[in-house]
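Chain naming follows the written order as A, B, C and D, and within any one chain the residues start at number 1.
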Amino acid sequence: MTDDTAPSPVRLKAVAGPGQPDPNPALEALYRGFEAELLVPLWTEIGDLMPKHPRSKAMPHLWRWDRLLELAGEAGRIVPVGRGGERRAIALANPGLGGRPFATPTLWAAIQYLMPGENAPEHRHTQHAFRFVVEGEGVWTVVNGDPVRMSRGDFLPQAGWNWHSHHNAATAPMAWIDGLDIPFSYLTESQFFEFGRERVASSEMGTPDRSRSERLWGHPGLRPLSQPESPSATPLLAYRWVDTDRALADQLALEAEGHAGTMSPGHAAVRFTNPSTGRDVLPTIRTEMHRIKCGASTVKRQEVGSSVFQVFEGSGTVKVGEREWSVKRGDMFVVPSWAPFSAQCDTSATCLDLFRFSDSPIFEALNAHRSTTIDGSSTLEARG
Amino acid sequence: MTDDTAPSPVRLKAVAGPGQPDPNPALEALYRGFEAELLVPLWTEIGDLMPKHPRSKAMPHLWRWDRLLELAGEAGRIVPVGRGGERRAIALANPGLGGRPFATPTLWAAIQYLMPGENAPEHRHTQHAFRFVVEGEGVWTVVNGDPVRMSRGDFLPQAGWNWHSHHNAATAPMAWIDGLDIPFSYLTESQFFEFGRERVASSEMGTPDRSRSERLWGHPGLRPLSQPESPSATPLLAYRWVDTDRALADQLALEAEGHAGTMSPGHAAVRFTNPSTGRDVLPTIRTEMHRIKCGASTVKRQEVGSSVFQVFEGSGTVKVGEREWSVKRGDMFVVPSWAPFSAQCDTSATCLDLFRFSDSPIFEALNAHRSTTIDGSSTLEARG
Amino acid sequence: MTDDTAPSPVRLKAVAGPGQPDPNPALEALYRGFEAELLVPLWTEIGDLMPKHPRSKAMPHLWRWDRLLELAGEAGRIVPVGRGGERRAIALANPGLGGRPFATPTLWAAIQYLMPGENAPEHRHTQHAFRFVVEGEGVWTVVNGDPVRMSRGDFLPQAGWNWHSHHNAATAPMAWIDGLDIPFSYLTESQFFEFGRERVASSEMGTPDRSRSERLWGHPGLRPLSQPESPSATPLLAYRWVDTDRALADQLALEAEGHAGTMSPGHAAVRFTNPSTGRDVLPTIRTEMHRIKCGASTVKRQEVGSSVFQVFEGSGTVKVGEREWSVKRGDMFVVPSWAPFSAQCDTSATCLDLFRFSDSPIFEALNAHRSTTIDGSSTLEARG
Amino acid sequence: MTDDTAPSPVRLKAVAGPGQPDPNPALEALYRGFEAELLVPLWTEIGDLMPKHPRSKAMPHLWRWDRLLELAGEAGRIVPVGRGGERRAIALANPGLGGRPFATPTLWAAIQYLMPGENAPEHRHTQHAFRFVVEGEGVWTVVNGDPVRMSRGDFLPQAGWNWHSHHNAATAPMAWIDGLDIPFSYLTESQFFEFGRERVASSEMGTPDRSRSERLWGHPGLRPLSQPESPSATPLLAYRWVDTDRALADQLALEAEGHAGTMSPGHAAVRFTNPSTGRDVLPTIRTEMHRIKCGASTVKRQEVGSSVFQVFEGSGTVKVGEREWSVKRGDMFVVPSWAPFSAQCDTSATCLDLFRFSDSPIFEALNAHRSTTIDGSSTLEARG
């Protein structure tokens, strides 16, 4: 961690090159003047600051689930969870981002681990978060007093500034992944945090099958009239695998019957949305589930903004920029901004299911989103 | 500039402390495992990453206009302007931001300088920009073929991805300030850049008093029916001082007559807005002009997001966090995120006019804006 | 039907009264001058045109389902369905609206009836429509080639300008209700209509259990990525009773467990919404299902705009303005603008389920919505 | 006026015709059954209710300004203005609309007349209104205590539910036109009305050159920070002729210099907009000023919704459907929904300036707007 209190100096060096003034004593003197006044000329920086297209500091990288799980399990054994550290969460540190716990310049991705009977204490923060469960069960996340079950395939969004805690009501440890916009909040310096109650009411430690939020908001196209609008983030706290799976299967079945429904042949996809607006579940994070059927591929695509993927089921090959990996259940990888991405399902697998989250809503909200498929059609998208 | 190709290692150290696991060999082994797999636990980072409120890396800092102008003039004499370096722009480097040309974590602020007869070559970029003229005249900015005059007090917004160049048609050098969202685009890796024509058509090198954009869009409350909507950024390319000055004077006159109109006693303010939407001129940058009358002060306030100010006229005292400066025409200073800010006009001055730009639209678009006055009322604002 | 080609004269009569000029020869002469020039003074009309609050021409009225069904069945026997007449639909004519087929000044409500093997021909119109099925089954509505099953309790919205036809694939007749904004379109003169194909492709005459629209859009909170946005009207063509029933039951169960969820004690309600926006299914028509449990009542309420209700299940008492009726399955009634309304479930019934449609979205879109509960709190609502 | 309390019977007659069932005794019996139950079948009504495109009941019609002024002046002499009648306003009664004071099915247009020293009493209503001044001066409209001057060419919007009165501070009578959405509010039964104070405070009877609203909101692109947002209607209470005239002249000058700016050759146009949103000044009424230069014409066009025009200056020929008139200053005419419209400036006139108001915002808000130019391009417009 850097010492925040020491001012950092400006260092300038006159070097010959295209677009650069020829080094000479007057230029050196000018640069010393700039340094003294904390000034930096554009002409020495423009190549890095204003590239022709995004050139991410983040690198494509893959983390293997078995190693993540092994280390998280070891942490479960020797690192207690409680107030102060708050969560037994272990974050992916992109090799291009200076050893910081940033999966991408905007996104945090971590494996969280809770031992039987453990509680992760209540707090709230303006950072937006979600949980996704690749395997296991037994933990409930309590959001503003509403316990939400976590099981394989479930997606639990968690909008900023809601009180939440976790408790493991089972006899086995449980792991899941957390996604947040911590790096974005950190870089833009816009975050708030508060500790919650030391002890959550026992009435909130229940283990119901369905949360109250699901009973109110989990019915397709039906808005509960008693509930206020929820424009900025979803009021639905769990998206169950049974629904997601059926939606993906329906798309592939429609394709098989000759109807529109898939993104491209063999590629089905859904976005998790706020039922009160139809928009992304969180203001800063987009979340989707993709299913690529046996032997099929996605269209190669690049877009502004970064993504993190986790393989939910099946096996296949993914290409990110110049990198290519064989992947299987639980593996996580990063697609940096503007890096071309495609995925293919193995011919030996029924399908390749990929959970994806990205920072696209940030760019759409600011009219800065752009994407292109490599075979061609580019779009400079505006928000509707 | 860092070498982008070398992966950065993770370095973890077990240290005793509140919320930290006790150092021991098992923990050390675990940390070595984390390092090998590029993982970082939350518990060692949470204090820095998730503070109770924004704690900016940026520092309050003041740049004196006479020094900026002196160094820019020296650059005018020895550094040519042309393709490659693109602009003779010299950026404020906040002392807390590692020597990079970032006034704040999201905003770029620079003095630009053009010698008589010089041209700054045509280009375009997705970064949003504006010019503000504290003194001088003689330069026209040509935007998509429309030459826009620049004179003292004028504000010229420049939405991303529009072709633009500058030419000095006068016999004296001219300086002005540029504001852009370069750091934000850089950190979120969302920027595109293109070089334009080597030579702008002579028909575009005119020096009209009013630009075509002003003749179409510069009439209060009147939309030209022939023009398309312009939802994401303003179609009006110049906001003239005569209008801004009159609007501020009207507010103080209304106050003097006993009517509402000012922000607080003696403090008038206008925001530059897109006439086709009434919203900010640019998706990522808010721009305002404030007038504090003789002896009056603003209410002390803190808000999420950072600002850069330039004194347009008058003299006074500004307080930013723990810092306090006497300021006069042209001086520029930075207000970091959540740092308390207030300003007072000298009793010897008619008024203190402050031009301000900030990154507030980013936070409003993402429902993350929050502000408070120090005497009390806090708001967690949502975008309507 | 009026003869559209004959101009209608203005007729004015000078009468004494508050706010009226005293009758005298000069006034009479003035009024003759007004008549000759097709002019009408405000002062003779203001009481009718600008009342203190809405005073509807429409009257509260009840239509009994058994009579509707009987007459529709008789029509089924003697009136053929086909091109020209287009639909065997029989509309409610509010007794206050001049014998026109207008349930309210803005809404059309009709019973439609289709004999076994019959087809209602394909057409499209800009008027927005829906079907609601109080009992029966066997008909499919084909929307742009997508056959949609109609069964008891199902709600089928039908946005304007989509091709549609109906066919009865069963061995018994079937009845349902149609709701449209025909009167609103008629009064504002904004409607278009087109005949479709003489014969729908046999591939479109299928009888699938689920429509393609449901397979794409009928999963809670999940947006199919292959589908375009649908901002103005819902892409989901059927809302099934199983979902609606469960949502209402969940609200009452939450209430029973001590949690928020109902509108008022014993009163559950859901609104049918566009899953791509969370807003009303149609730009001009709001649709809801209300469940009042045994012995419970709704809060008495009045609001701008008119509603039509149909009893879906159970029995109870409804009060509309000065009128009061005992109602049971299928009965339909009208609540005029600003008429106080409440409903109570019989103590002998499990619940009273009321399907409701109204013109509220028109007023919300134009910032003219207002509602109040009789015990008090008034709101002048603005659209978010 | 109809007696609102007597229910109106349904009258049905079996007649032979395309799409109609053959008359026979069973059909007659069925129709008697329908009548008894207040039911009307679609098949007898569909031609009138669901035409292929809008067929307006309203007729194209022209009112001459000299006659309007003459009759209004006569009313000024013999009809007092005061509480009860409220306004000396005389409305255009479209010959197709049953002698009611409706210029079109949705719009009210009237000439209002105030004698020297007279006051029109304070009231408020939810109907949206505006004033437009074709000639004269001397009256101030006081809106929520803010006196607004009315002079030739000025446009004064008046959003619903604001208190307002008028007073003539001059020594001559003054006339102007009022536009409101009275018919729309009446037909949709959504209106509220309240009487105001018997006597407006003398401090509100001032005659300032500029209103407070203009001093706050009348500066191009500048939003006063002290003022709340005003999303549903404009906070600017006067649009002055000097600005409107200059905006139109600028467009024609741009055209003359070879630049884009006009609608079509010689046809300049501006829309009056809410400076806080860029949208229409009122939720239900669009207002525009058009200038056709000497000898030029507009493109023939038809659109959903109705318009009322007043000639502000110059002379020319206007075509509405099958009608054609020579028009000059002050003349008013109606363009019904979907009626083709074009206008041409006389070769003897400098220009033809047309003030126009229409109900387009209603249709845009409801996604029902559609327009086409007769030479071709049709659009089914959606609101952005």
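Following the convention adopted for this analysis, a contact is a pair of C-beta atoms (placed from the backbone, for glycine too) under 8 Å apart; a residue touches a chain by one contact, two chains touch by 3 or more.
In UniProt terms, the chains line up like this: A, B, C, D = Cupin domain-containing protein.
These figures come from a predicted structure and were not determined experimentally.
The chain with its CA mean position farthest from that of chain C is B. Between A-C and A-B, more C-beta contact pairs are found at A-B.
Work out the mean CA point of chain A and of chain D, and you get 52 Å between them.
Averaged Cα coordinates give chain A a centre that lies 43 Å from the centre of chain C.
A straight line joining the Cα centres of chain A and chain B is 29 Å long. Residue positions of chain B touching 2 or more other chains, listed in rising order: 231, 384.
A ring topology is adopted by the chain contact network, closed into one cycle in which each chain touches exactly two others.
Contacts between chains, counted with the stated touch criterion, involve the pairs A-B, A-C, B-D, C-D. Listing the residues of chain D that touch chain B in their complex gives 212, 215-227, 229, 231, 234, 236, 239, 243-244, 246-247, 250-251, 253-254, 259-263, 268-278, 281, 288, 384. Every residue of chain D that touches chain C in the complex is listed here, in rising order: 1-2, 4, 7-11, 18-21, 24, 26-27, 30, 33-34, 37-43, 45-46, 48-59, 61, 63, 67-68, 71, 74-75, 78-80, 82-101, 105-106, 110, 125-127, 160-161, 182, 184-194, 231-233, 283-284, 304-306, 336-338, 359, 361-363, 365-368, 370, 380, 382.
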